[in-house]
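You will see two complexes here that share chain A, one where it goes with chain B and one where it goes with chain C.
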Partner chain A sequence: MSVAVATTTGDARPALFRGRARAPSGGPRVDWRLAAPLGLAYLVFFAAPFAILFGISFYADAEQTRLGLDSWIKFYGDLFYLKVVFDTLKLGVFAVVATTILAYPLALVFRAAGPRARQALVLIILTPLLTSVVIRTFAWIVILAREGVVNQSLMALGLTSTPLNLLQTELGLVIALTQIEMPLMLLPLLTLMSRMDQNLVDGSRALGASQARTFFKVILPLTLPGWIAGATLVFASAATAFISQSVIGGARLVYLPALIWQQSTVVYNWPFAAVASLTLLFAVLAGIMVLGLLGRFARTD
Partner chain B sequence: MIRLDRRAFAVGSLALGAAGLTTRAQAAGSLTAAIYPGTWEEAYRNVVAPALKKAAGVDVAFDSLFAVDQVAKVRAARGVPPFDCFVLDPGPAASALQAGLFDPIDAKKLTNAAKVPAGLITPHAVTCNAQVVGIAYNPKKFSAPPKGWADLFKSPYVERLGLTGFQTTFGTVSIIEMAKVFGGSESNMDPVFAELKKAVTKAAAVAAPAAMPGLFQQGQIDVMYTNTNTVAILKGRGVDIEFVRPETGAITFQTTLHIVKGAENVDAAYRYMDTAISADVQSALQKQPYNMIPINKDVTLVDTLDVKSVDELAGMVTHDWTKINPQRAAWIERFNKEITK
Partner chain C sequence: MQRATAGDLAYRLLVRGLAGLAILILLAPVVIVVATSFTTSQTLRFPPPDLSLRWYRELFDPVRSGPIHAAAWNSVWVAGTATLAATVLTVLAALAVARVKRPSARILEAGFLSPLVLPTLSYGLAALMFFSVLGIRPSLNILIAGHLVVIAPFVFRTTLASLAGLDQTLLEASANLGASRFYGFRRITLPLIAPGILAGAFLAFVSSMDNVPVSLFLSNARTGMLPIRMWGMMESTLDVRVAAIAGVLIASTLALLLVVDRLTGLTRRMSA
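Here is the complex of A and B:
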C-alpha cells in the first residue's frame, strides 16, 4: 500500500524512508518497527545481561552471599589492577599508532594505483581476514619464536649471536597485533582515500605546497573520518584481543581480558570478574569517545 | 569451536537418522556428556562412543568444555543441566562436589567396578583415567636431564624453562611439589614464590598452560612441567622430548566421570561410564595418539606411557584438593602480581 502512495504522490524517495511525517531536522524518518528485531535482540541479549553483570559486581564475596562494594574497592584500591587497565589501553594505543604509520603509505599507494593494481591490493589486504585470528596468532609464534624465521634470519646475517626474545614481550605482541588488526584500519581508510577529490591535491601542489604540506594540510584532514573509524576498530579490537594477548603476550603481561577469564572460570570470583568486565567495557568506550571527539574537532576545524 | 560442534552434531544427527531407519528398535537411550576439547574429545568420539553404541545401543553426544567451564555452565544453568555427565580433574571435582552438582554413584550398576583399584570409584565419582605429572625436557639441548624440581630453578635449565601458574591441575600440583623442595608446603607457599620471582626474569617463557606444548615444539622452551600425556603426544609428533620423574616422586591425580545433579539420562550415563572404564576401551585409549594411562587392572600397559603398571600409581605423590581449592584464588592472584613486570 505504501508503494502505491509513493507512486501517486510522485515522491521519488523509497517508500521505506517516507514515514508519516518528517523529522524536525527535515530528514526522512525511518519506521521504528524496522529496527525492532535488532532492537529487541539487543535488549534481551545485551541490556539484560549487562544489568545482571552490573548487579553481580555489587556482591561482596565470591560466593555471592552478601552485598557490598568490596570487589570495586579491591580492584580500584590495588595498583596492580590499575596498571592492568593502563597496560590494556596502552596496548590499544600502540596498535593504533603502529597500524596508522603503516596504513597511510599503503593507502597513498592505493590511491595512486590503477584499477587492476587496486583490485590486487584489496585482495591482499582482505586475505588475512579470511584466516581465523587463532591461526594468524599461531603463525606469529612460528615467526617470532627463538627458532623462528626472524631470529634465524638475524642470526644467519650475523646481526645477533643469541636469539632475541620476541615472543612474550609487549613489542612482539604489538608487531603481531599490527598485522592482525591492519585490515580494520585499512578498509575505512581506503574507502575515504578513493573518494577523495584529486583536484584538491593537485590544487594544493599547483599552489606551491610541498608534498609533506599537501599530505598534512589536505590529505590527512580529508581522510581523518576514515582514520577515526579505523582507529576505533583497531583500538577496541586490540585492547580486547584475548587470544593474541594470551598466546603471544604470555602470562608475564597481564591484560584485562585474560584477567576476566581467569577470575570467572578459574577462580570463580564472579563479582570481581564483573568489575573487571565493566572496567574493560567503559575503558574501551572512553577510548572510542576520545576518538569520536577528535572527529568532531577535525570537522569544525 | 561452536561451529565445529554444530557440524559434528549435524553430521551425527544425519547418521543417527539414517541408522534410526533400521535400528531404532534397539536404541536403549542417549545422553550428552561433557568432554575436554582436544585429545579427550577425539578419543571419546572415536573409541568410547562406538563401543557404547555396540555394547549398550546408547548414543552419546559430546559437549566439549574444559573442566572449569563445565562447572561454570552447570552452575549458570541453575538446576537445568546442559549435559548428563561431567569429566573433571580433582580441583574442579572437589568444588563441584561442595557445590552439590553431582548425583550419587551406585557402583553396583557398573559391571567393571571390580576391575578398578580400590578408592577410584567413590560415592560421587568414577575414575576413568590417571594422569602422571613430572618434568619434561629436550634431551638434545642438555648434557644431563634435570633430576628434580629444584633443578628447574638452576642453570642451564632455568634459562630454557617454560613457567605456568595455578590455572591448571598439573601446574598447581607441580608448584606445590616445588614448594616442598624449598622447605614449604601446601600451607606455606612463600619459599616457592621467592624462587619463582627470581626464576621469572631468567625463564624462557611464562605462558598460559595451553601454550606450553606449542612453545616446546617451536623450541621456545626446552624444559617444562607437564603430564606424561602431553609428552607422549609431542613425542608422537617427532618432537625431542623425554619425561623425568622428579627425585621426590612423580605426581598422580585422577580424571573422574560424574553424573550431573538432576541429569535426565541416568541409565545411559551409567552405561557410558561403564564403557569408559572397560578393559577394551581403556586398552585402546592408552595407545597413540591418545596416550591415556589406564585404571583397569586387566589392561597391560604399553611402553610409551612412562608408567609400567596400574599398581605403580599407588606409590606416587597425591594431593588433597579440599585444602588446595580455598587457597587457589589467592595463589593465582599472587602469581599474577609477582611474575608480571
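Here is the complex of A and C:
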C-alpha cells in the first residue's frame, strides 16, 4: 500500500472517502454499489406492492374478474365515503392543533431550563414514545371509561352527577391522540428551540416587546420549520392511527383506516379497499404538501 | 432591566400552566397503566382496590397465556431480524449518499425516508396484495420484509446525521498514510458513527415491536404478533392481562433505553 495507490484509485472510491480537492466540479457522486442493496429492497418490497395496489384498484368487481373504474366511482360517488375521508382529515387537523397548543409551551419551558431539567424533560417525552401505541390506547380506555379516572374525579368534585360518555366520542379520541402523537411534535420542536439564537429573544425584549409579542414575532417564525416537521408527523400518524381510532372511537365513528381494514379482510372487496387505501395515501400526501407550502410561504415572508 | 407587565405575567402563567398540563397528559397514562397492572380486581378500575401480582402470574402461566407468549416471541424474532437486516443495508446506503450534493442523492434520501410519512396502513394492504399475487403464503419471513422497509428510515436518519458530523480530514489523513478504504471505514468511520447507528437501530427495533399497520395485514392466526393480539384482547373483553403485558413492555423498553443511553448518550445529545 502506498500513497500513489490511494490517489490513483480516484473515482472508484466511495463518495465518503474521496477528498474534496480531487472531486469533479459537482462534488462527490452517489456510490450506486453501496446504495443498491437497500434500493433493491425498497423496489421489491415497497414500490412493487404500491404498484400492485394501484393495479388492483382498477378491477370493477370484488372477484377481480373485470377491469373498470367501478370501484373508484362507487367510492367517490357516495357521500358516505366522502364524509369518511373528510372526518379522517379533520381528525388529523384536530390532533395537530391540540398537540401544538400543548407542545409549544413545553418547548418554551425546555428552552429556559437548565441541563439537568432538560435531560429530565427529554426522558418525560421519550417515555410515552417508547410505550407502545396499543398500550397508550389501552391507558386511555382506563382513563376515559364510565368508571374511569376522569369521570370519578368529575363526580368527586361534584361537577357532574352522571358519568360522561367520553369513549366512542370524537372528543375522547382527540384527547387520546394528543398524548399519543405529542412526542412526534415535541422532538423536532425541541431541536429547533435549542438551536435558536438567544440574542434575538433578548434583543426583542430589550427593545420593549412583551413576552407574548416576542413569542409571535421572534420565537414562532424561527421555530416554524420544527413545527412543520412535527405537524407533518402528527397529521400523518393521527389520520392513520387504526387501533386508537377503532378502540376509542368505537364502531360509530368510521375513519378511512377502519374502512380499509373492513373492506379488505372482512368484506373481502380488494379493489374497493385499494381505492380507499390510495385515497388515504393521497389525502395524507396532500396534507403534507399543504404544510410544506406553509413553510415556504413563511420563509419568504 | 425588564419590567414584568401584567401581560407578561399572564403569558408566563399560561405557558407554565399549559406545559404542566402537557407533562401530566404525557405521563399520566403510563403511570395509570403500570398501577392498574398490579390490581387484585377483575376490572380496570383506577386506583386499584388492592395490590398484587395476580395478573403477572396469570400472564406468565405457560398454559393459560400460551398464545400471548407465542405472539411475543414472534414479535421479538421479527423485530430483531428486521432491525439487523435494515441496519446493514441502511448503513451502506447512508455511506453512498452522505456528503453528496447532487439531485440523485436528494432523491435517494427522500425515497429511503418516505415510509416515515407515507401512511404505513396503505402500505400494509399493498404488501398483503403483493405477496398474495405472488402466491407467497403468510409467514414470519414476509413480516420481516414488511417491517424492514418501514423501520429502515429510523436507522437511515441517525446514520446520515452522524456521517454529516464526521471530520473528513481524519479519512484523508488515513488514506494519505496508505490505509485502504475498508481499513479507514473499519478503524475511523465505523467507530465514530456507531452511536448514531445504535440509536437508530434501537428506535427501529422499538418501532417494529410496536408496529400495527403492517402486521395487521401480513400476520394471521399462526404468525400472530403481540400488538395485534393485544388489540384483540382489548376489543373482546377488557382483559387485565393487557395491563400486565404493558408493565412488562414498559420495564423492558426502559431497561433497553438505559443501556442504549449509556452507549450512545441519546438523551444527553437530545437535550444539548
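Everything below uses one rule, namely that the second predicted complex is superposed on the first by the 269 of 301 C-alpha atoms of A that agree within 3 Å, B and C clash if a C-alpha of one lies under 4 Å from a C-alpha of the other, contacts with A are read in each partner's own complex, and residues count from 1 in each chain.
By definition in this document, a contact is a pair of C-beta atoms (placed from the backbone, for glycine too) under 8 Å apart; a residue touches a chain by one contact, two chains touch by 3 or more.
Computed from a predicted model, the values in this text were never measured in an experiment.
Superposition of the two complexes onto chain A shows a clash between chain B and chain C.
In the superposition on chain A, A:I288 makes contact with chain C only, not with chain B. Of the two partner chains placed around the shared chain by superposition, chain B and chain C are both touched by A:V247.
When both complexes are overlaid on chain A, the residue A:V234 reaches neither chain B nor chain C. In the superposed model, A:F138 makes contact with both chain B and chain C. Of the two partner chains placed by superposition, A:L192 touches none, neither chain B nor chain C.
Legend: residue contacts after superposition of the two complexes on their common chain; A:F80 is shown touching chain B, with no touch to chain C. In the superposed model, A:F215 makes contact with chain C only, not with chain B. Within the superposed three-chain model, A:L177 lies out of touch with both chain B and chain C [touch as defined at top]. Of the two partner chains placed around the shared chain by superposition, neither chain B nor chain C is touched by A:V201.
When the two complexes are overlaid, the chain among chain B and chain C that reaches more residues of chain A is C. Only one of the stretches 115-123, 133-141 or 205-213 belonging to chain B overlaps chain C in the superposed arrangement, and that stretch is 205-213. On chain A, the patch touched by chain B and the patch touched by chain C overlap at residues 138, 141-142, 145, 147-148, 246-247, 264-265. On the side of chain C, the complex with chain A involves touching residues 1-2, 5, 7-8, 11-12, 14-19, 21-23, 25-30, 32-33, 36, 43-46, 89-90, 92-93, 95-102, 104-105, 108, 111-112, 115-123, 125-130, 133, 145-146, 148-149, 152, 163, 168, 171-172, 175-181, 184-185, 189, 206, 209-210, 212-213, 216-217, 227, 230-231, 234-235, 238, 242-243, 245-246, 249-250, 253-254, 257, 267-268, 270-272. Remark: chain A residues 1-3, 5-6, 9, 13-17, 19-20, 26-35, 37-39, 41-42, 45-46, 48-50, 52-53, 56, 101-106, 108-109, 115, 118-119, 121-128, 130-143, 145, 147-149, 152, 175, 178-179, 182-183, 187, 190-191, 194, 205-206, 210-212, 215, 232-233, 236, 239-240, 242-243, 246-247, 257, 260-261, 264-265, 270, 273-274, 277-278, 280-281, 284-285, 288 touch chain C in the complex. Of all residues in chain B, only 66, 68-69, 72, 95, 163-167, 200, 204-208, 211, 214-215, 218-220, 328-329, 332-333, 335-337, 339-341 touch chain A in the complex they form. Looking at the complex, you find that chain A touches chain B at residues 62, 80, 138, 141-142, 145-148, 165, 167-168, 246-247, 250-254, 258-259, 262, 264-269.
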